[in-house]
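Paired with subunit B in one complex and with subunit C in the other, subunit A is shared by the two complexes that follow.
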Partner chain A sequence: MMGLTSQETKGLGLGALLIAIAALLPLFDDGFYLSISVNIVLYAALCTSWALFSGPTHYVSLATAAFYGLGTYSVGLGIEVLPYPLLLAIAAGVGAIMAGLVGAATLRISGVYFVIFTFGLAELVRQLVTWTQTKFSTAMGLYVFTEMTESHIYWMLLALTGVVFLTSFLIARSRLGFAMTVIGNDETVARHVGIDTARSKIILFMISGAFIAIAGAITAPRYIYIEPPSAFNPMISFLVVIMALLGGTKRLWGPLVGVIPFTIVMDFISSNFPNHTMIVVGLAFLAIVYLIPHGVTGLLEDMQARWKKRAAPVVEEKPA
Partner chain B sequence: MTAALSIRAARKAFGGLVAVNDVSFEVKQGELLGLIGPNGSGKTTMLNLISGALPPTAGEILLDGRRISGLPAHAIARQGVSRTFQLVRVLPSLDAEENVMSGAVFGHVRLWGEDARRVARVMLDRVGLGERAHMPVAAMTYIDQKRVELARALAANPRVLLLDEWLAGLNPSELQIGISLIDELRHEGRTIVMVEHVMDAIRSLCDRCVVMSSGRMIAEGGVAETLSDPEVVRAYLGDDDA
Partner chain C sequence: MLRRTFIALAASAAAIMAAGAPAFAQDVIRLGASAPKSGPLAGGAAVTHWPNIQLWMKEVNDAGGLKVGDKQMKLELIEYDDKTNGEEAIKNIQRLATVDKVDFIVTPYSTGLNIATAPIIARYGYPHITTSAATDGVTEFAKRWPNSFWMLGTSSQLANGVVQALTKLKDAGAIGNKVALVNVADAFGLELVGAAKPAITAAGFEIVYESSYPLGTQDLAPVISGAKAAAPDAFVAFSYPGDTFALTEQAQVQGLEVGAFYTGVGTAFPAFAGRFKEAANGILGIGGVNSEDEAVKAYLAKHQEVTGATPDYWASATTYAGLQVLGQAIEKAGSLDKAAVVEAIRTGTFDTIIGQISMPENVNRNVWTVGQWDNGIFKAVAADGLPVAGDPVKKPAWQ
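So, the complex of A and B:
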């Protein structure tokens, strides 16, 4: 909120260093490891963007696929006529507008209704796009031909992840971030101290939606051929929720802890047991919710607290 | 001079139940008004209409001559109405200082950074919690949580302060502390509306009081005369004792 503390400076420095090291990866490998790393940074960007909104508000959004798909289609539709950077900006705008509309319509409803609505929305958008394409064009999908290689996509996603992190960090230190903390604690109090709760939540949802759409736009050239079932794949929404919950949403870097192991495991499963992927995802979801409800970061904090207690239990028990 | 707060024929109906039935009264600048009445008489609902937690069904509420009824709660808070809650509401994941800062950051004064922190410190000192600024509020006793809530309301430097049974649930010694704290606020010239059941507090603190029963206002005036009004006695004790 005020000047940077030494811990925050260290955190920022460490983050920058990690991104710089990660950026070197394509120099060493452009095959399997690069490919799986693209998946990792993609989900890192998606999960942190998702947690940006869902972490403090506790609203579980399943609309990730909708924003992602809109970003992908922004590129698919415009790649022949507009420069790529402009398309990224358009994707961000489309994602933000969509999030704004959804937010205005649904953030007053809470809990499970919001979850269902966002899921329904993603499916609706997918059906609309499919319908439009079959009605007005001959092909089911769109071709995206670019000069972009896997390395370029990797670097762009990495940069996006960095920007999302920095944005989360800045929001946490801003009035908006403080407002979200108060809302997360007690929404009634929030309203009565003067916070426009609906507006704060919509702004945050728009930022989150815009970032997810940019991630979709960056990844579009990777598909080469875009069609609704892949761009608006509901699996994306579910995976993002699972990974973010696995990592824990209380800390900024929490989702990352979930993304890296999960992406690697998913890759292993989908290549070795391609017909059983859904079962494994389902089991993973159950295991995470039952065994580590606060995610890996929550688990680490619990252990840290227990460790501290064990280190200094004598003080409390000594008779006066 | 216009009144700090004017309630004009305020009405709140929940379906067929009329919780507040065309109530009108005024609160002058610097006055401490007690809003009293038996349980279920509509006092808290009245307070909710003023703070915007509920929109009135009819009638209007004016703050310094400007209409605030119909505005959402956050807009009313920014106009300068702060409140505490009947069942204490603190922000459990934050410490005392951050709790109080929330009042200064988003409310009537809208400070940020060090300025907000400074106000929070002053207010915590004001309610006697200066030493415990960094204590997590979840670990605090009931009266200390109530103090945090009061400090949070004061941090917005409100034009009107609404206290909803702020003294309820305190033990006798805490009650003395609480009463003298409110008395100090009154001497500072704060405009306060206080819903209260503790009669000692009403007698020693209030300049005037408004008595409600079954949603209606049945008496208004000086404390001693109002409390001896036969209709008020009947509302509290039943017909036989009047």
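So, the complex of A and C:
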């Protein structure tokens, strides 16, 4: 059924190898470097999940915080009564259902309207969750006390990232992936050739939402104290878009090459300029937009092309 | 051109960094701090948290430093912005503990960030003296993380303080027994209203209006008009800074005349008196300090002189006192050994600007709970185990 090309096999093998190497990290350091790696892997998972939908469709979604918060709250509300793995599944279900409902209602609108709607969605979900908690729950603050350490969270997020990658890869090879490519290029054409565009988009949005919710559920034990401002933090939505665009969304591994340098640069800035973080971050953004307009993937591909061009003439100009 | 500008910028940034690198010295105690400098809580931290670290360090260093064993050691600070974000806060603490290898860590700011960082701080055994976390979970937290100390009191204490103040006013004949009760619908508001409701009823009051609103609500006019329609004698709102200002403004605009007007977090901010001027007089709120006390008076004056700003009248003094406890415990332990300092905090009694503090069970029970504005000063009018600046008085009509 698979029929992988040798390049694809190589890619999969390389991916598996990288994840295996990354999984060894907690054995060497369980301090700062593990902490920053948790942040990197978290955003790697979020950005890849985001790009899963927004990459091919070109719909910029700012709903990441809504799904993430739903995942966090699923664990916060249920941790006292249900086993943790079940909560992860519930989080995925809740994320998918929410994405399905939202998708059915909104994926017919596009462009800037979709962006604004998804941004509002995070706030709406936050208010709904708070309201539900006030009316029906006796729990005051939500606490998630577990035996989980940062290493466990790191491994779970790493595994999730792996699964997201594999899913993206499989989708790209499936009928759904092909449909998405057509929709991304021209939705009218897609409709004319008989693709059920709404259905395809909703399915993809649900998969993406479910993964983001799982990421939130995995991170919940790290927060311990669950409150709406941190779970539904709108910064999450923005950071995910910025990092994914920095990396480039054309390639599967694009968001990843955005997340790693971005997190490291942000960390460098905030540790060295604690009092001027926002100014320096602003300058860094300007620098990124001016210097690498096509994202890191674009930069890498440019370099590769230039290297090939330079390498080629050398072969031709061999001294006689 | 642009490229060159950015290179120049980057070069100057690098130069600033190189100049700012701290000189390594043996006789220095290195403190680490991570708290909001950006994000939703940056405003609060800029009033309550950072200035007190600055003030305390200056005082200690001007006096020659802390006496550790037979050495005088000065203080040095490494500070990070947690962006009001749990992920960042955890990472910052990890960096302080494992990369900077600081000797001690100053408490993070706010209930959420303190709890999120508590397990990491506990793992490295640093004393964790929280001064901006008020929740009923403190007893459990103290058991879970024996290195943590909780100084700002509990939600129940704060809620009971309101009932104490209202009862005093009722007994003095200043107000009747009808109360309007409002809260922000998040953990903080729910916890306080949950503790306050039974206590208010038990004290012989009648709750004539009850309402809650989501965090971040901009328009609070309906809440105030609803309360006004119920004609209460006292208005109590467990609110957050944004809503505290909005509720007070609406009450003033709509002329909600009550003998006792109480709002939550933010009432104690100097900006509150700055905003409402004369109209602030008589307004009750969470916190307060004993402004009649000499130590508190001296603290308020020094804070103004060194940082150029007025402290808030609630957690500011506690934050400063928490740092005093840390300094005195280091001197008592006579070493920079973290476990010895934690033990010194648990067993010692400390002389601070908020009185004698001892925390045998890691929790400070003596706190001011309700303050009242009186000509630019937010005086404590209800407290647990501490003297207050005076009795609450009936609020004059809005001006």
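Simple rule for what comes next: the second predicted complex is superposed on the first by the 263 of 320 C-alpha atoms of A that agree within 3 Å, B and C clash if a C-alpha of one lies under 4 Å from a C-alpha of the other, contacts with A are read in each partner's own complex, and residues count from 1 in each chain.
Quick note on the criterion: contacts are C-beta pairs under 8 Å (C-beta built on N, C-alpha and C of every residue); 3 or more make two chains touch, one makes a residue touch a chain.
These numbers were taken from a predicted model, which means no experiment stands behind them.
**Student:** Which partner, subunit B or subunit C, is in contact with more residues of subunit A?
**Tutor:** Between subunit B and subunit C, C touches the greater number of residues in subunit A.
**Student:** So in the superposed three-chain picture, is A:D186 touching just subunit B, just subunit C, both, or none of them (first/second/both/neither)?
**Tutor:** first
**Student:** A:T197 in the overlay: touching subunit B, subunit C, both, or neither? Say first, second, both or neither.
**Tutor:** Touch partner of A:T197: subunit B, not subunit C.
**Student:** Using the touch definition from the top, say if A:P85 reaches subunit B (first), subunit C (second), both or neither.
**Tutor:** A:P85: touches no partner chain.
**Student:** Check the residue A:F178 against both partner chains and state whether it touches subunit B (first), subunit C (second), both, or neither.
**Tutor:** A:F178 contacts subunit B only, not subunit C.
**Student:** Under the stated touch criterion, which partner chain does A:S35 make contact with: subunit B (first), subunit C (second), both, or neither?
**Tutor:** Touch status of A:S35: second partner only.
**Student:** Kindly classify A:N275 by the partners it touches after superposition: subunit B alone (first), subunit C alone (second), both, or neither?
**Tutor:** Once the two structures are laid over each other on A, A:N275 reaches subunit C alone.
**Student:** Do any residues of subunit A touch both subunit B and subunit C, and if so, which are they?
**Tutor:** Correct list for subunit A: none, the interfaces share no residue.
**Student:** Which subunit A residues qualify as touching subunit B in the complex?
**Tutor:** Checking each residue of subunit A against subunit B gives 1-2, 175, 178-179, 181-182, 184-186, 188-197.
**Student:** Subunit C touches which residues of subunit A in the complex?
**Tutor:** Counting only subunit A, the residues touching subunit C are 29, 31-32, 34-36, 38-39, 42, 127, 130-131, 133-134, 140-143, 145, 150, 219, 222-225, 227-230, 233, 235, 267, 270-275, 277-278, 280, 283, 286-287, 290-291.
**Student:** For subunit B, which residues count as touching subunit A in their complex?
**Tutor:** 51-53, 72-75, 77-78, 82-83, 85, 89-94, 101-103, 105-108, 110, 112-114, 152, 156
**Student:** Using the touch rule from the top, collect the residues of subunit C that touch subunit A in their complex.
**Tutor:** That would be residues 2-3, 6, 9, 13, 17, 20, 37-40, 79-81, 83-88, 90-91, 94-95, 97-99, 111-112, 115-116, 118-119, 135-137, 144, 185-187, 190-191, 194, 212, 214-215 of subunit C.
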